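Read through the structures below before going on.
What follows is chain A paired twice: with chain B in the first complex and chain C in the second.
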Partner chain A sequence: MNIRRRQKWAYLFILPFFASFFTFGIYPIFYSLAISFNDYAPLSQISTWVGFSNYSRLISSDFFWESVLNTIEIWIMSIVPQLTIALILSLILNERWVKGKNALRSIYYFPNLITPITIGMLFTLIFGHPGGAINNLFTGLGLMSEPVNFQDTPWLAKAVGGIAICWQNFDYNIIFITAGLHSVSEDVYEAAEVDGANAFQRTTKITLPLLRPIMLYIMITSIIGGLQIFDIPKMLFGGNSLGYSTRTMVLYMYQAAFDNWQFGYGAATAYTIAMIIGAFSLVTIVYNATKGKK
Partner chain B sequence: MTDRQSLRMNTAARTKRTLSHMLLYLVLICVAATCFFPFLAMLIGSTQDNLTITTKFSLIPGTKFSANYERMMQNKDIWRGFFNSLWLAVLNTCICLYFSALTGYAFSKFNFRGRGPLFAFILVVMMLPGQLGVIGFYREISNLRLLNTYWPLILPTVSNCFAVFFFKQYLDGGLPNEMIEAALIDGCGEIMIYHRIVLPCMGAALVTQGVMSFIGSWNSYLNPLLVLNEQKKLTLPVLLASIKSGNGASDYGAQYVGILISVFPLVILFSFANKVIMEKISIGAAVKG
Partner chain C sequence: MKRTLSLILALALAYSCLFALAEDKSNPYEVDESVTGTFTWWTFFDQAPFIKEQFELKYPNVTIDLQVFGGDEYQTKIMNVLSSGQGIPDMMDLEEGYVYKFLNSDAFVNLEELGLEDALGSYYDWAIAMGRDGNGVLKGICDNVSPVAFWYLRDAMEQWLGTSDDAEISAILSSWDAIMEKGQEILDASDGTVYLWPNLAEMVKVEGYSLTPLARGGVVEIEQGWYDLLDTMREFYESGIVADLGSWGGEWASAWNAGTLLIRTMPSWDFFTDWSKNTGNVGVAAPFKASYEGGTYRAIYTGSEKIDLCATFIEFITTTEYQIQNLETNNQMPANKNVKDALGEDYTNANFGGQNILATYDVVCSTIADITPDEYTRGLQNKFSKYAQAGIKEGKTNEEIIADFLADIQDTYPELDYSQVK
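Up next, the complex of A and B:
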């Protein structure tokens, strides 16, 4: 076969992909970087070079660091229950005697398909005050004497955000943990059983340590995804929770760029966020590597 | 005597096991119920008037569905948004499948210079946070005078990195090189090979990726929000979100109806394709795990 003549076709075949990839994928990333060093006046449409001043303004902004803190708090409130629930459920679903696994798994996966916008609205309605479904349910059952104002209690507003994200994503983790569980050989368990290990010991001494690589993978993807949360917090309580308690850093970026039309400042925020996410991922990887060596 | 004793112990152990199994089933079912609860609240809420929604929790559907629907329709033309989202999702899915499969095929079956570095490059960019380019994307579109058109929502689907990765993996294992060589010897042209041999061989992978692309496009929010600004061009998620921020007083019933309409197609799609979707995700997990 004439390889050189075939090569030409390969370049032709990947051409549309790379044309679109460079135009809409790569170019905007570099363009954002350039924008972040400029100040853009929306009315006159003139950009002026300002060097690092957008970045220094951002770093000295209390509102930005508050949004970083909000993001981390919401992320922790979603990742901890997410991993706990996912781990427990995957361990149960991994047992042979459980029936209806496929039906259960489909139900668990379903929240993942719904638009975050819809989820944000739905949770706003359900956790509304005074008449959301949750308040009505709990006061109706007599578990609470008075309805709780989720929206105007900062930590509760964040918790609702965390719950919404957890609710949407926990099954995603089940899928990965289940894949990890399948990769553990049956022989190991049989050997442990012969040696007299009970079910609890088998789980803590064999299963959990062997799940470490998959847990690391889940943590990294969760950091990259979880620190970028945007749609759910934007919709939750209409973005009106007391003291901007659910304003995340990406939401902060969005508001800077598209509500206040400060593109330079917004782009600087985007790059700072990317660096924060990169730092978190790096810390997780390094921490895991040093812990794994011991 | 000893026999009876051991029998009794067996029964005790079995009861204990049954009990623990029941307990674990209860956990599984509780979680499933939690997954359903918001949908239940939505279904019931859409049929009740605002006073009932805000004052008591009831599992009995009301009779106000049509009233809620009318109020929502007065507020926003939700069906227009629905069909905008629908044709966009169908078109984007077709474009994404055709070009991603083409690119995946080139990366899988051709030996061209720069293949390795280019593919590695795609994988690296996949890991970057998506927010990095948002502002640049908006300014670029604005400079190109493409704001308030559908082009910025359609053209980027040509380069779906995840789909290319998925199709390349699939073709690496699923399509024997001999088939292509045989076709070449028979004098089949390269484009014909792609259309007549490669695409038909990828049926299963196309369906799986197609379902995911459709859902992705149907749910996409940020780009349509930035690009489109004319009421009648808006897609469903943007329109739904604007019901919320548009009027001061919350109209719970109307909002529930709107949410119901946006979730409905996904319920249909999921009930037909849930096997396909679960498979695709498990494949992804197996690759990474």
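Up next, the complex of A and C:
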């Protein structure tokens, strides 16, 4: 078989992937872009061209920007402890003296197997008022005189969301950091040891700098994933935290499109969210690239 | 061995025949074998298999392809099939929260043209009104109604109010002032462990359908009654008599089932009662303002080839015979007033301690204001409730609460006319 005939067969083999990718990936992206410039009625399927009015409505909506701020706050409240815990546990589990490290890694991964919907409901019960597990525990131990209403205290409601997301995802990051730690050559550590570096110095001067590429990857994927948080906030406190303190920007989009049937506005929100996430990712990449050069 | 086996088989056959005969005798309907065919019915309603079973008792030659979809995404599923034009069921259930969004489209049959309005002669007016589209065309029909009542435990009420009789309880709790006074008495007498009233949201639930809806004909207007309600809610909250347990929450349900929360305002389909613990100990009393919560409406797709068959089904669910079965099996309140007449004044329900719950609910259903809701009615009421609760807890004035509420609904429903409230 000559090369040209073989190439034709190759196209046939890759066709199923590209057919599904264009149908379910590329086409909806451009279709929703078109919808975002229309007022779209789903039942009649009548689209009325409205230009940029969905975007101007969105930009002037205080509620949308509030949801952006909520998303960032919840993300920060989850990513900071998430990376800290994941890094510390990875470093500990990377030590030779730790027994049963494989079992511990599996146990730490368990929360990631639970669906976000379940986690949202679970944390609603744990942080319920007045008789949730946390309130019962702290009032029972005499650490609090009155139970705390997490649901009706905006910053606490966000913190509960952050803790829930952290609990679900810190284990996922352990996998990446552990892989990063394994990629650091033993020779470097031995050389440092010969030069008299202690364990703390080896961690701060060798391990952490060499983990930068993997941490950059985690940061970017965390930004992309973290700014899209939806399911846990939707379920947390039955979606009824005081005001809209746990309404994230994706939840805002979902409500516009699927609760209120404003699909044009929902599509415009989706594109704006994509731009916001893109901007955050770009800032992270540029910052790391600049820091790397220094 | 062979003889024993033959005997067993003969006994089994005889038992089956007897069982079949017994089944036939228990059929409450006059069987109609002339109607034949198959149609598809989509629903979110977990009691739909019961309705299907009842219908098939009367029409044994009709097969229903029933598909039950759980979860919030049911309406999205219907919207998707209607948009795509593919795989649309012949008949579908629509819930109060989104029924109007669908009925205002051309996707559903005018049930008046099928003669089904005649079957609603004994229905409550407001229950019929919920099935009409924005132009008043009847497109959906329900089989049960969801009047809101004060749910209580008889032993707890005996202890704290001195009576478990529903009429006496309604008379004692005949106004917000009376509820506040009793709530304070009970709280003091129980050393702060027993609450009469659950939360602020349930005050809106009681009053909501006695006030002019927050938007009529696409125009937002807030009558004085809504401001008065805010004042009452604030008074309740500041007095400390509200348990502040969120409706539908685990703690709210368990406090009520344990008798430390005395009242829950819930519709007749309430599913938070622990029947294993409280069968026979439950009561419902008519609140001083009548309202409802929820409603399941059946509508027929215009493109269906089984419209007549679906119409037969819808006509069946409006009948007195079927609604009696539904009441006795599922405690579902009939939309057809003839059920009350058919069962008479002596009707009692063992789950509710022998109470005639039909009579109690009839009091509520007969006094619900004849307001035709639209696609904004429930949504705006829910948002009002949300801002009222939040604002009162944050110490805001009525004007600030209304301003927050208006800002939100302007963001959500920019198509409404706000000129009357600016």
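The rule is simple: the second predicted complex is superposed on the first by the 270 of 294 C-alpha atoms of A that agree within 3 Å, B and C clash if a C-alpha of one lies under 4 Å from a C-alpha of the other, contacts with A are read in each partner's own complex, and residues count from 1 in each chain.
The definition used in the following text is that a contact is a pair of C-beta atoms (placed from the backbone, for glycine too) under 8 Å apart; a residue touches a chain by one contact, two chains touch by 3 or more.
Just so you know, these numbers come straight off a predicted model, no measurement behind them.
*Asks:* Looking at the overlay on chain A, is there a clash between chain B and chain C, or do the two fit?
*Replies:* Pair status: clash.
*Asks:* Contact-wise, after the overlay, does A:Ala192 reach chain B, chain C, both or neither (first, second, both, neither)?
*Replies:* Touch partners of A:Ala192: none, neither chain B nor chain C.
*Asks:* When the two structures are overlaid on chain A, which partner does A:Gly266 contact: first (chain B), second (chain C), both, or neither?
*Replies:* The first partner, chain B, only.
*Asks:* Considering only the touch criterion stated at the top, classify A:Gly238 as touching first (chain B), second (chain C), both, or neither.
*Replies:* both
*Asks:* Between chain B and chain C, whom does A:Leu43 touch in the aligned arrangement: first, second, both, or neither?
*Replies:* second
*Asks:* Quick one: is A:Gly180 in contact with chain B, with chain C, with both, or with neither? Answer first, second, both or neither.
*Replies:* In the superposition, A:Gly180 contacts chain B only.
*Asks:* Touching A:Leu125, do we find chain B (first), chain C (second), both, or neither?
*Replies:* After superposing on A, A:Leu125 lies in contact with both chain B and chain C.
*Asks:* So in the superposed three-chain picture, is A:Thr23 touching just chain B, just chain C, both, or none of them (first/second/both/neither)?
*Replies:* first
*Asks:* In the overlay, answer first, second, both or neither for which of chain B and chain C A:Val148 touches.
*Replies:* A:Val148 sits against neither chain B nor chain C.
*Asks:* Where does A:Phe63 make contact in the superposed view: on chain B (first), on chain C (second), on both, or on neither?
*Replies:* Touch partner of A:Phe63: chain C, not chain B.
*Asks:* Between chain B and chain C, which makes contact with more of the residues in chain A?
*Replies:* Touched residues of chain A are more numerous for B.
*Asks:* Where along chain C is the clash with chain B: 77-85, 113-121, 185-193 or 221-229?
*Replies:* It is 77-85; the other listed stretches have no clashes.
*Asks:* Once the two structures are superposed, pull the chain A residues common to the chain B and chain C interfaces.
*Replies:* 125, 128, 130-131, 238, 258
*Asks:* Please give the residue numbers of chain C that touch chain A in the complex, ascending.
*Replies:* Residue positions touching the partner: 76, 79, 82-83, 101-102, 105-107, 244, 246, 248-251, 386, 390, 393-394, 407-408, 411-414.
*Asks:* Write out the stretch or stretches of chain B touching chain A in their complex.
*Replies:* Interface residues on chain B, with respect to chain A: 21, 24-25, 27-28, 31-32, 34-36, 38, 41-42, 45, 53-57, 99-100, 102-103, 105-107, 110-113, 115, 118, 122, 125, 127-140, 152, 155-159, 161, 164, 181, 184, 190, 194, 215, 218-219, 221-222, 226, 237, 240-241, 244-245, 250, 252, 255-256, 259, 262-263, 266, 270, 274, 277-278, 281-282, 285-286, 288-289.
*Asks:* In their shared complex, at which residues does chain A touch chain B?
*Replies:* 1, 3, 6-7, 9-11, 13-14, 16-21, 23-35, 85, 88-89, 92-93, 95, 97-98, 102, 104-111, 113-119, 121-126, 128, 130-131, 133, 136-137, 140, 167, 172, 175-176, 178-180, 183, 213-214, 217, 224, 228, 230-231, 234-235, 238-239, 250, 253-254, 257-258, 263, 266-267, 270-271, 273-274, 277
*Asks:* Report the residues of chain A in contact with chain C in the complex, numbered from low to high.
*Replies:* 42-45, 57, 61-63, 125, 128-131, 149, 151-152, 238, 240, 242-243, 258, 260-261
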